[in-house]
Each structure stands twice: as C-alpha cells, then as structure tokens.
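Just below is one structure, and these are the notes that go with it.
Naming follows writing order (A, B and C), and every chain is counted from residue 1.
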Amino acid sequence: MAGRTTVAAPALAAIDGVMPEWSRRLEERPGPAFVDSCLRGVGQIIFMNNPISGLLILSALWIASGWLGLATTIGVLASTATALLLGLDRSAIRGGLHGFNGALVGAGLATFLAPEFDVGAMVYIVGVAAFSTVLAATLARILVPALGVPPLTLPFNFATLAFLLAAFAFASGDLASTIEPQLPALGAEVETTLQAESDAPGDPGAEGVLNAILRGVAQLFFADSAVAGALILAGILVCSRIAAGFAVVGSVVGLLVALVVGGDGLDAYHGLWGYNSMVTAVAIGGVFYVLSWRSALLAVACAVVAAFLFAAVGTLLAPLGLPALTLPFCLATLAFLILKDEASGLNAVKLEEVTTPEAHRRLARPLPGVTPVGDPGT
Amino acid sequence: MAGRTTVAAPALAAIDGVMPEWSRRLEERPGPAFVDSCLRGVGQIIFMNNPISGLLILSALWIASGWLGLATTIGVLASTATALLLGLDRSAIRGGLHGFNGALVGAGLATFLAPEFDVGAMVYIVGVAAFSTVLAATLARILVPALGVPPLTLPFNFATLAFLLAAFAFASGDLASTIEPQLPALGAEVETTLQAESDAPGDPGAEGVLNAILRGVAQLFFADSAVAGALILAGILVCSRIAAGFAVVGSVVGLLVALVVGGDGLDAYHGLWGYNSMVTAVAIGGVFYVLSWRSALLAVACAVVAAFLFAAVGTLLAPLGLPALTLPFCLATLAFLILKDEASGLNAVKLEEVTTPEAHRRLARPLPGVTPVGDPGT
Amino acid sequence: MAGRTTVAAPALAAIDGVMPEWSRRLEERPGPAFVDSCLRGVGQIIFMNNPISGLLILSALWIASGWLGLATTIGVLASTATALLLGLDRSAIRGGLHGFNGALVGAGLATFLAPEFDVGAMVYIVGVAAFSTVLAATLARILVPALGVPPLTLPFNFATLAFLLAAFAFASGDLASTIEPQLPALGAEVETTLQAESDAPGDPGAEGVLNAILRGVAQLFFADSAVAGALILAGILVCSRIAAGFAVVGSVVGLLVALVVGGDGLDAYHGLWGYNSMVTAVAIGGVFYVLSWRSALLAVACAVVAAFLFAAVGTLLAPLGLPALTLPFCLATLAFLILKDEASGLNAVKLEEVTTPEAHRRLARPLPGVTPVGDPGT
C-alpha cells in the first residue's frame, strides 16, 4: 500500500511513516531539530515517530483545553532538554523517545493538580518531566539488554504517581478534588448504561457509543473530548493506517469489556475503559509484532487484558485515590511482549528496527505457517 | 531406596518418580498425552511431575468439593491448551509446567467467586487460566536466563489477584463475601487456641493438631479438608517419599510459627498458616537443592520465613480484602534460591535437571564438606 | 588532600580511608577480624568501610539510647555471622557489606517494637537480621551482574517492612503505638514551622535549623538526637571529608524541600525530611560517581528526588501505618545510578573498585570535557 502511495501522491508520501528525508534535512540545524524531536515525542505517545502526527495531536490537546496543551508542551520540552543535558543517545532523542514520557507528565499533572495555569504547577511539571527522563534511561538499561523490550510509558507512570503521592504532604494543597482516597467497596451499585453526566439519563445509542470510542482515543492524552479523539486519529493516520485501525479496534474492545462485565457507564462514556486497550492494540497489532492474523488476534486478547487491568489498577490504587494512568497498558503489553522468543508462533520486530507497522510488513521475512493479512504491499 | 524398589516391586517402580517409560509410550498419541500433561500439571502444583500423583490430588479436590474439582479441571485444561496454541516448549508442556498455574487459577476462583457452578465464573476461569500461561512464559523469560530460577506459582498469583481486583468494578458482584476490604487493626484481640469454628471451644489436643497439619497440605489446593490432605499426601508419596516428608515437616513448621507468635487459632486449625510453609519446605528440601543436612535446615528456615510472610502479605492486602494465595511461598523460596551461586555451602540442582528429590540425590556429586543425609540409595 | 595528610600526620593517615594496613594485620586473627567486620558494617550504613567510623557511629547510638545501641549491635552481629555460615564472599564480609543491613534491622525494630529491652524483640532482631543477609545475597545476585549496581539497604527495608506487616497478626502486640494505619488525608492542615514538639511554639531560627540538619544525619540510624548527629558526622570525617561534606549538603537539601513544599514542621525539625537526602547525596556525590561539578549537581538533584520520595512513600504506606525507612534513598539512588552507562556525561566508579570518594578522585581517569572540582590531590 505504501508503494502505491509513493507513486500516486508524492506530497503525502513525504509525510508518511517516520519521514527520514525530513530528518536528514534538519541534521545540521539544532534549533529546528529540537522542535522536530519534541513533536515526534508527542507522536511517540502512540508510537508515531512523525512530527506531523505530533503537531496534529498537540493541536487537539490545545483545542481541548489551553492548560492541557500548555502543560503537555512544557513537559515534552523539559524531558527532551534533560536528555540532551545527560548526554543520552542522540538518535533516540531525535526519534522522540525522550519526549513522550515528559509530555504525558505534563498532561497528567495538568489533570490532577489544581488550579489551572498555576506557576507552581509548571515548575513541578518541569521537575517531574526531567525526572521521567532519568527513569526512562534507567528502565531502558534494565529492560532492553536483558529482555529486548522498551520501558513504554512506565517512566511517566512511576514519576507521576510518585509525585501525586508526595503532594499529599504539601501544605499548598495542589491536588485536584478528583483524588479521593477510600477503601474499595464490595457490591457497590454500578450504573452500567453509558451516560455523559452522573445525573443525565443513560444513552445506549449511537451517540453514546461514538463518544465512548473517540474519547477512548483522546483519554490516552488526558483529553476528554470526542473532537480531540477524531483529530488524534487523523494524526495517527498520517503516519500509519494500520496503527489508526488498531486504535479504533482497541478502543472498541475496551468499551465492549466494560459493557460485558458491567463497568461504570459514566467512565465508559468518557473513554476511561478504552484508552489503555486502545494503545495496547496499537503496540501489539503492528508496532512490536509484524501484523498477521495471529498477531491481530493477540492484539485483541491483549486489549481485553488491558481493560481488565484498568479495573484492577483502579481498585489497587483506590485506598490512595490515585488514577490508573497507563499502568494497565504497560503491564498488559509487557506481559504479551516479553514472551516473544518463547512462543514459536509469533513474529516480533527487533527493538532497534521498530518504525511503522507498514514498514515492518514490507521488511519482515514471513514465519513458516503464519498467514500474512492481505497484500503486504511489497 | 528407589533401587531396592525396582527389584522388589516392578509395579510400584513403574509409577515412581517422573514415569519416563509411560511418557515414551504416549509419544505418538496426542489425546492421551494431553490428558497426561494435564494430570502432571495438577501434580506440579507440589512439584510432582507424575500423572498418578496428579490423579490422586485431583480426586481429593473432587471429593472435597465438586465445584473445586470441576474448576481446577477447567483451569488446567485451559492453560495447557493455551500453551499449545502459543507454541511454547513442547517438553515443558508434557511435564505439566504449563498446567499448574491454570489449575490453581481454577481452584482459587472457585473459592473467591460466588455462586458455585456459575457459567460466568467458568468463562472467567478459562480466560484467567489462559492469561496465566502468557504470564508463565513471560516470567520464565525474565527469571530463567538471568537467574536460573523458575517463576514458581507467581503467574497464578498475579493473574488471580489482578482478576479479583478487577472484579470489584463489575456490576455482577461475583466476589465471595470472604473478601472484606478493611484497614489492618493494631492490637486486635486474637483467639490463639486452635478451633474449628469461631464460636466453637478451642481444641489444643491431638485432633486439632492433626487437622491443622493435614489441612495445611490441602489448603495449597484450596481444599479445607483433612481427608483431602491425607489423599494429597498419598499422591505425593507415589512420586517422592522425600517430598512427602518435607510436606509434613513444612506444614508442622507453619503451625508451630502460628502457635509461637500467637496467630489466629481458627486460621491455624484450617491449615492457613501451614500451606505456604508446606510447599516451601518441599521446594527447598530436595527439589531445588540436593538434600543434605544443610539444605534440610535451610528448608526449615525458609518455611519459617514463609509463615511470617503469610502474615505479612495478609496485612499488606487487608485494605483490599484479598487473600495471600501462594505469594508467601514464591517470595520465600525465591529469596532462598536466587542466592544459590553466591553461597558456597549450598548444592543446587540445575533448573533443567530438576526431576525428583530421590533422583537428585542419586545423581548429585557431593559438595566437599557437606554430609549427605542417610544412604543416598545408589 | 590525602597525600598531604600522609606527610603531616601519620597517625591520622593510619585511620583514614578504608584502613587496608589494619585489615592486613587482622588477617590471621578470626576473632578481632569478626569485630572489625561488624564495626565496618556499622560504618557501611553510610558507605564508610572503616572500623573507627563504625565505632564512633555505634557510640553515638548507645549514647542516644541504650536500647538503640544494643539492638544495633545485636543486628550487626547476627547478620555478619549469618554471612559466614552461608559461606558468602569473604572479602565482602570483611568490608562490612553483610553487616549494615542487619545493623539497620536492629535499629529499626528497636524503634518500632515495644517495649524496650524485650527478650522477644531481641530474638526477632536476630531472625530478621539473619534474613536480611539472605536477601542481601539474593538481591546482589539480581542486581550486580546485570546492572552493576548494589542492593544498597533494600534488604533491610524489605525484611523490616515484611516483619512489621507480619507483626500485626501476632497476639503479643509488639508493635509500637507510632504505627497507625489510616487512609491518607487530602488537604489536611499542616503546621510547616519547625517545632520540637507538636504543642511547642514554632522555631524558625538557627537552633531549629541546626537541629533539623544534625538530626537529619542521625535519623538514618534511627537516632533522634542532634548530639548523635554531630558524633556520626565526626565518624564520617575520619574516613572521608568529601562524604562528610555531602552528608551536610544532603541533609540541608532535604530540609529545604520540606520548607519549600510546606512539609510538616515537626517532622522536619526531627530530621525526617533530611536523612534520605543525606545518604543519597553521599552515595551519588563521590561514592558511586567520581566527584566532579556535574556529579555534585547530580547528587543535589537526586537528594531533591529522595526528599519527594520520602513524602511519596509515606503516603503509600499510610494505609498500613508503616514508616518509609530508607526506601526513598534506595529508589532515588538506583534511579540515578543504573543509567550510568547510558549517559555519556557521567563518570561512574566500577562497583568492585568502590572505596572512598577521595581515592576515587585520585585514581579516576578524567572524562573528556568534565571539569574536576578543585585539586584532586594526586
């Protein structure tokens, strides 16, 4: 498919995939290269090493909320700059791999600290984003040589949860009121119909479902907005059609799990059951495994696990009132990824060769006995 | 002893140890081999790679409770089948190494979900058992190459605890009423005399002690029954006399710790202080270390630690109301096993050579300065 | 500096650094060597492989409280003896590396068990200290070959927290009343002025600050005393002036974090915000990195992280009422140490070559582009 695109639309081809030509043009220009690294960092939240994807996603966040957009921007700048100061691997920095954790730190603290546009909060975002870069280097050192898997967004999760835990002890009281420590309740009444507000009538119809799916895409970036979800999907589409497809599949899987087990309908409407399954499906269905029918099924299974883990981490953190963030995604994806060399039926992409799902399919030597999905486009 | 048995009783010799002759006869017959793998999987809960052991243990569970037996059977079938689907190592599957976590998932969910014989619960058992196989492959990939130790029942513990945590969020309310989240209480009144019911008179006599020891064997399999404990001990005896001896020793050690520190007498009577120490003593005393006076002492020390960790994990999980499962066993055994190459006084069995404690003694080259226990039976 | 000392004061030179000449003299005398190992074990709590440092620190503890001194002594004896019984590496034992975790176990249990001078508590200290040696060997086996970092005081933290968790289940009620399980409170009123007692007037003056800094040194050893802090600083000075300097810097950093974020003034006065940052600054600023302006800045940054993690671990353990111990130090230091080979700007000391900050500077080949601090004294 990529091959055909190259012929038909050179302009589109130029922004497709990881845009290597563009990267080469910025090689000698540190300023624009730094901005490009940061934009790729925003895209890498959903594995898209592409500055146009990053720009579209960042725009979606600014549109959803100025404070969310600003905080995410501060976070990606701080963490990328820290990587340069520490002298971490240059090509990893250029590919946005030291930006996405900081971007998420910014988005997360914008959501769980109050009030908005607070200077103190901005200082905290810079500090925690910088620390997320330290954690990223440390966790990569632990995971990559021994297991050949990346730390994903674990640095963001650890740094943000640690900071929110610490903030309980601050006299300034920065924590948002959504953080409510309480023991998990057994047999609590749950309203399972999709609903926009807790006092609104339930909406099991198309609008409710569409909201749940699109917000399931946007909530990975802490944006509670269907419009932002659509714009983010467009950003993913620029870089990879396979990834965009699995993003929708994953969000649908998370929603279905909520409907089947009887999860909270308010949470489901606002995409909270979906976002972990969404990014999990993208990771397994094309990014870290070469797409095949078998890996597609594995992606769906792993997205189901991520939805259950969303509920599990929620209960686990309930006594502290903290959010699950993307821990469910990290745990589910690592559980299904670390076994890659043990399971003869799976065709994993080597970590240093990860680019886009489309490129993986073009370059992969097919496994004996594994049927590729459709035409691999070579 | 094994040598003498071979001469005196060929019929008993045929079912002793890991039954390699029997395995060879099933080589070309996938159906019976699958059943054999599943029975060995039940036996492997207590390290017995022997289908007769598995059959006796499974019978004990069916006798103790039909629902417990059925759920364990579903679990071992689902996890073994998943291993075949994923293409995991064939000889590990044949040895039951991808069955025991699933079997425990079945037994555990039968205990902590309600009501009994529920179709929804059976579906959950299939799913969680399958996920335990994924976790087993992943944890083996993490632990085996780097440290030369197996994941033990960690996959069962992680998968089951994650599912029980998630189930708090389900509208269907499947969790049994034994799950009660509450903060641990300091200085709570504890009734330390062994007692069968919380309102029954204490029984510090032989019957109470015998119940505590046998139920300490049975509770590893979630069976609260002295008869089941006796039948399970018989199952262990078929495969290994040393293992059966350490099972009794471990259960006694756990009970003694409860009596010394003043643990709850109701829990002690029902074998809850014993089952982790029981399986820990078997693991250290013959399975992963070649039996010697030194490793026997180490097994007792590790069983003491497992009993303390049973209390510790209970407090840790109290705010979520969750059971300790076999986490205490896993933590204690790994703590005493990973150091095997650091401590010059210990003679560990290589992981790929683990069979039965008797075979380890026959094959081991003695460490200089370590006195073997009795006649190694060569 | 060490070079000049050698000429001017041979008596001082003899007790400077790791005292290798003294070690050689004890080579053939197991009794004195064992005592020497234990004293070095006390010193190794703050990385000082020097028996005079250990003696001064242990004296400080006995002066602060007889029970604290006795318990620490029992702990270091028990853990060092266990290492000998297990046949662990002899030179590690001689350097005190199997003593410091046990010493801290003794000090910690003296603080969190009641009443004082209890025989049962002494038995528990022997057992938990022995278990900390098992954990030290196991964690070293996990961390050293794969990552080139030591387990620090993780064995002490894990063993002590596990025991305190278990003690909730003991009928004897040994836990001190300072252990109070409760959910963390959001927006609780915090008195941020330094104060000696909760009902005393706040003291923001020099005396309050001096107390906070010196107690920040002493609290690493569970001593709540400015005099003990001064004596411990003297003990560090004997072995390393750089380490003593960073101990003060770290304690100040912890205090400053408390003042800036608005931490509890009673805790800050008693050194609780300081002790983790104190030992963290020593670890990063000279012990595990060769001292340079860059590593000094890194030490300050890591000390800031340790202070935030002190608050974070406090919230995390609040539902169980347990103390943070030195987990914040371990987590912060490992986070900043494991990345050492990833960051081209840092000059780490090889683990097997760790002695004193002064010796590291003399022996280090300077990194290109890294300015050494002052005269390296060669």
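What to note about this one:
Here is the rule we go by: a contact is a pair of C-beta atoms (placed from the backbone, for glycine too) under 8 Å apart; a residue touches a chain by one contact, two chains touch by 3 or more.
These numbers come from a predicted model, not from an experiment.
Chain A maps onto chain B through a rotation of 120 degrees [Cα fit, steps of 5, range 0 to 180].
The two sequence copies chain B and chain C touch through a face in which the numbers common to both fall below half of the numbers used overall. Rounded to a whole number, the gap between the C-alpha centres of chain B and chain C is 39 angstrom. Across the assembly, chain B contributes 146, 183, 319 as residues in contact with two or more other chains.
Against chain B, in their complex, chain C makes its touches with residues 85-89, 127, 131, 134-135, 137-138, 140-142, 145-146, 162-163, 165-173, 175, 177, 179-183, 319-321.
Here chain A touches chain B in the complex through residues 146-147, 183-187, 190, 192, 261-264, 304-305, 308-309, 311-316, 318-319, 334-339, 341-346, going by the rule given at the top.
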